[in-house]
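Pasting the structures in now, so scroll down.
Below are two complexes that have chain A in common, paired first with chain B and then with chain C.
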Partner chain A sequence: MELLQYSLRKIATGIPLVIGVTLISFLLMVYFGPDKTYELVGKNPTAEQIAEVRAELGYDQPVAVRYLDYLRELVTLDLGFSDSTGERVSAILARTIPISAAVALPGFILGNLFGVLLGLFAAFYRGVWPDKFIMAAAAIGMSISFLIVIIAFQILLSSSYGLNLFPVRGWDVHSIGDYVLYVTVPTLATVFVALGYNTRFYRSVIVEETTRDYVRTARAFGMPAGPLYYKLILKNCMIPIITRIMFSIPFVVISGSLLIESYFGIPGVGKVTYDAIVTGDQPILKAVVALTAVLLVAVQLLTDIMYRWVDPRVALK
Partner chain B sequence: MTEPLLRVRDLAVEFDTEQGVVRAVDGVSFDIYPEETVGLVGESGCGKTVTGLSLLGLIPQPPGRIAGGSIEFGGRDLVQTSEDEMREIRGSDISMIFQEPMTALNPVFTIGTQMVDVLRLHKPLSAAQARREAIDMLGHVGIPAPARRIEEYPHQLSGGQRQRVMIAMALSCGPKLLVADEPTTALDVTTQAQVLEQINKLQEEFRMAVILVTHDLGVVAETCRRAMVMYCGKIVETAPIEELFARPRHPYTMGLLNSIPRIHEQRPERLPVIPGRVPDLLHLPPGCRFAARCERVLDRCRAEQPELSGRDSAAACFNPEPA
Partner chain C sequence: MSTVAEELPAAGADDAGSASLWSKGLYKFRRDRTGMWSLAVVLAYVVIAAGVWLGFWATGWADLAGGKWEPVSAQHWFGTNIIGQDIFDRAIYSTKTSFEVGLVVAVLATVIGAVLGAVAGFFSGSWLDEVILWLMGVLDSIPFLLFVAAIAYTLQGNPYSMHIAMIVTFWITAGRLVRGEVIKLKEMEYVEAGHALGLPEFTIIFRHILPNTSHILLVQATITFVAAIKSEVILSFLGLGVKDGMSWGLMISESSQEVLAGFFNNFLAASALLFGLVMAFNLFSDALQDALDPRTVSES
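For the complex of A and B:
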């Protein structure tokens, strides 16, 4: 009951956020984004042709009217048609989002899971060689750019110069086996890049937590290191861990998928968005922006509920 | 007389700090007999907590280490005992409770979970049995409605109740020695008295020895049979309680006694300070560490370190107060 009330309240306060994000993105898109007109009219257009295309795209309307149209589309969930392919935007999203999730999730989950485990391990051995080794590896991992990592993994695992075990590009998935084949290299690249940052962050959180009084108490009562770290300390670290994981979701969705999908030629929502930015396909961009804003609100709500779940001191207010 | 339960000899504890090595406990020796309550008194920073922690092998390492001495307990030297064996001893043979009941309990687990964990670490109990024992124990230390309280989290309890929970946890495995590090300092005066009374009662009931660490001589007077006064990492005087209060020998003890507030006066947070400052552990004088603040100082005091001559009643001083 408390939870339901809280959720409704939180969703209500999320509406201004969605409006703000969509408005700003919309203005940026209209004034600074690419103009689709010239792509559609062809060479040497007449003034009438241009006007006709602009009317078709809705560019001739005042900005305020166009934004209100945008909001109406969102409320009615009628997102219109792609300017480039004419396909229904909702159909495009329904097709591409599951692919993106399938590509991004394993790397995201494993990157955080291993990050926490390595962080625990390094924190336990802080100051001695296992810690120093892990931290040095993390620093190296962090200093290599994502692109280089992707290319390196592609060469090593997917090309005839390397092991040639996996397809380099594409997404031709009809079975679990196909899925593993296509998802492995992107996942490895994501984990490689995320692990350095994650391990470093989680280690510092855990080390900080080991200085708390309750840790000394637990030790004074004979608690062995295993349960001390994996149970007592870890649960106390859950708030910063959840915060980091939840708030990296929008970044993973936007930047991670964009890069991964374009470099692996995966037809996910990131690829679609990337193409839409390049070609100025506004209906798609508007839908993606709104979806991201809604995701942001949902993530915040979920984060608060998870806080409550791991820490009894947190009240949902 | 009976054999001592605990025999500490020349205990020295060092910490590496940015400025150099600090010897927080420097050649401390004392005995604790079964079932007695002994006060360990001294100003902030004199090494009381470090002494207590070293008895359980809990000196944070790094930066700290036991640099010398021995701690004899139950027929072995705890300084030489392996970490695995120490873990068996902690919470079962020797328990320690801490000053900050607010933070000393784990905030995200219920009282019950924490107590059950401790019980099952040391006793072969099922979860249900451990829970029953925990509830029993909570009732024992004066927590009302223990079966309900056990489901609660530390933040739902008052400071006094939290400290009682700590005591219940500490006693749940029947320790022979309880090190209570300022168990009541963070509590208000009334609660403080109640908790001390509870510790005294339980001490008799469980037949254990208690080392009561405090900077409050008033607390020592109410609860202890004997007291050890620490200054700058050393024990400067030890005596039975009546003797210590009636005829203090060490000028530092004298100073502490003089600064105890009279009855009906408000009890201050900390003892009013004796004139002068505690020397920095990094720059200790070659002679008596109290020399700079001492009214009875002799030339000899600045050159030589006075030693504690006995175990039961002694003062480390070249020119003690007349008996």
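For the complex of A and C:
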């Protein structure tokens, strides 16, 4: 009951955020965006036809009404139809989000997992060569553009100039084998790029934790390094780790894979969004922006609940 | 840097007699070999970019100087691209584009972040602070690429839509850092003295508090510079970035077809120059951060 109350209050505080994001996306893309009338009317339109299309698009309504209309569409999940394919936007999202998740998830999990492990390793050897080597590698990794990594991995792994082990691009998945085949190169590229940033972040969090008094006490009592790091230090680092992981989820799911998907031609949300950007497909863009904001609020709520779970001292306030 | 140190009115007032954060930082930075080397590389890039800007070299970046995909030669140092343009000239010219984007975005984003962050921090808890925090939260929640797309879409082919989108997104980090620092600084005695002397709040914020966050702003500006350069490449590749002119992102975009045909010069030239600049700037930024960190400065 207490949790429910807390959740409701959290959702309420998330409302200004959702309103802000939807308002900005509405103003940018709908209100100040290009006039779509003449794309939709046929050749040599009469004045009535133009007025009809404008009424259909809501251009004859005041701003506030149009914005509230947009909010109503979002709340009822009646997101309209894509301008380019005429397909229902909610149907497009339902079809593409699972694909995006399937593409992004392995890289996301591995990138964070290896990041934490390398961070632990580097923090353990702080100041000596393994640490210096890992941090130098991280600095190099951070300096290579995502784009270059993608193209380089494609050349090395899936072209005839490299190992030619995987399909160059596309997404033709009918079995687990296909999935592994198509997901490997994008995953490797994602992990490569994420690892530099993640390792640096996690190492600094862990190093900070090793300076605490309880670590010195545990060492003084002769606690071996393994249990010390995994049982005590890692556990106490969970809050920043969870925060980082959770808050990147909305971006990974909705738009983080935009570059990967458009480059590899994978029909996920990222690709759909990219196509919508290129063709100016308003209904899709509006839906994706608003969805990210809603997801972010949900993630904030979930993160706060997880804090309590990993650290009972964080009472639900 | 020495001029900045002179302009700081209150820096080091609490440890009278000892050197300021800036002169200590400069001393520390000079002894940081990685930092000095990275600065040298960055300066080399600056010279290249300035030369392009002044028209000394790479003027023929758009000329059809040779045949399709010519190999490396004395005339075309990195060969030619698919329509016979000199890749070396194009890569060098792109350095200027990168600096343009990086400098414009870094300077403006840092200034906006400093002003809004300082105001929010000084009036923390008030409605003004709430509004600025809300704005930060909202802008943070819009996926970057979508936001750029939305702004490009709204501005209808304005060549600066990419810059605007980056500035609007990147000021937030600087703003949050400055806000936190100002909340700390505004409790200090010199601010109280300013109040007692009857200085207007505007003067206290911008003349006395904000200069004391300049070490944070400088480091943040270098981080923003790198972020802007990296984003430019991806945005130009996606067709949302540089419209006229040449950039490493456009070169990589051209090359994504070429690499599948086995021609790598364009890709390698753009990637190598981009990597060199970003790497050097990252190391420079790290060294600067170490040198200007008050906690480590006081130890040395």
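Throughout what follows, the second predicted complex is superposed on the first by the 279 of 317 C-alpha atoms of A that agree within 3 Å, B and C clash if a C-alpha of one lies under 4 Å from a C-alpha of the other, contacts with A are read in each partner's own complex, and residues count from 1 in each chain.
FYI, a contact is a pair of C-beta atoms (placed from the backbone, for glycine too) under 8 Å apart; a residue touches a chain by one contact, two chains touch by 3 or more.
Since we're looking at a predicted model, the values are computed, not measured.
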item	value
Clash or fit, chain B versus chain C on superposed chain A	fit
Which superposed partner A:224 touches (first chain B, second chain C, both, neither)	first
Touching partner for A:212 - first (chain B), second (chain C), both, neither	first
Which superposed partner A:236 touches (first chain B, second chain C, both, neither)	first
First (chain B), second (chain C), both or neither touched by A:5	neither
Touched chain A residues, chain B compared with chain C	C
Touching partner for A:311 - first (chain B), second (chain C), both, neither	first
First (chain B), second (chain C), both or neither touched by A:21	second
After superposition on chain A, the shortest CA separation from chain B to chain C (Å)	5
Complex interface listing, chain C residues touching chain A	134-135, 137-139, 141-146, 149-151, 153-154, 156, 230, 233-234, 237-240, 249, 252, 255-256, 259-260, 262, 264, 267, 271, 274-275, 278-279, 282-283, 286
Complex interface listing, chain A residues touching chain C	16-17, 20-21, 24-25, 28-29, 32-34, 139-140, 142-148, 151-152, 154-155, 159, 161, 168, 250-251, 254-256, 258-259, 262-263, 273-274, 277-278, 280, 285, 288-289, 292-293, 296
Chain B-facing residues of chain A, complex	127, 212-214, 216-224, 227, 232, 235-236, 238, 310-313
Chain A contact footprint on chain B (complex, rising order)	56, 58, 62, 87-92, 95-96, 98, 100, 103-109, 117-118, 121-122, 153, 155, 166, 169-170
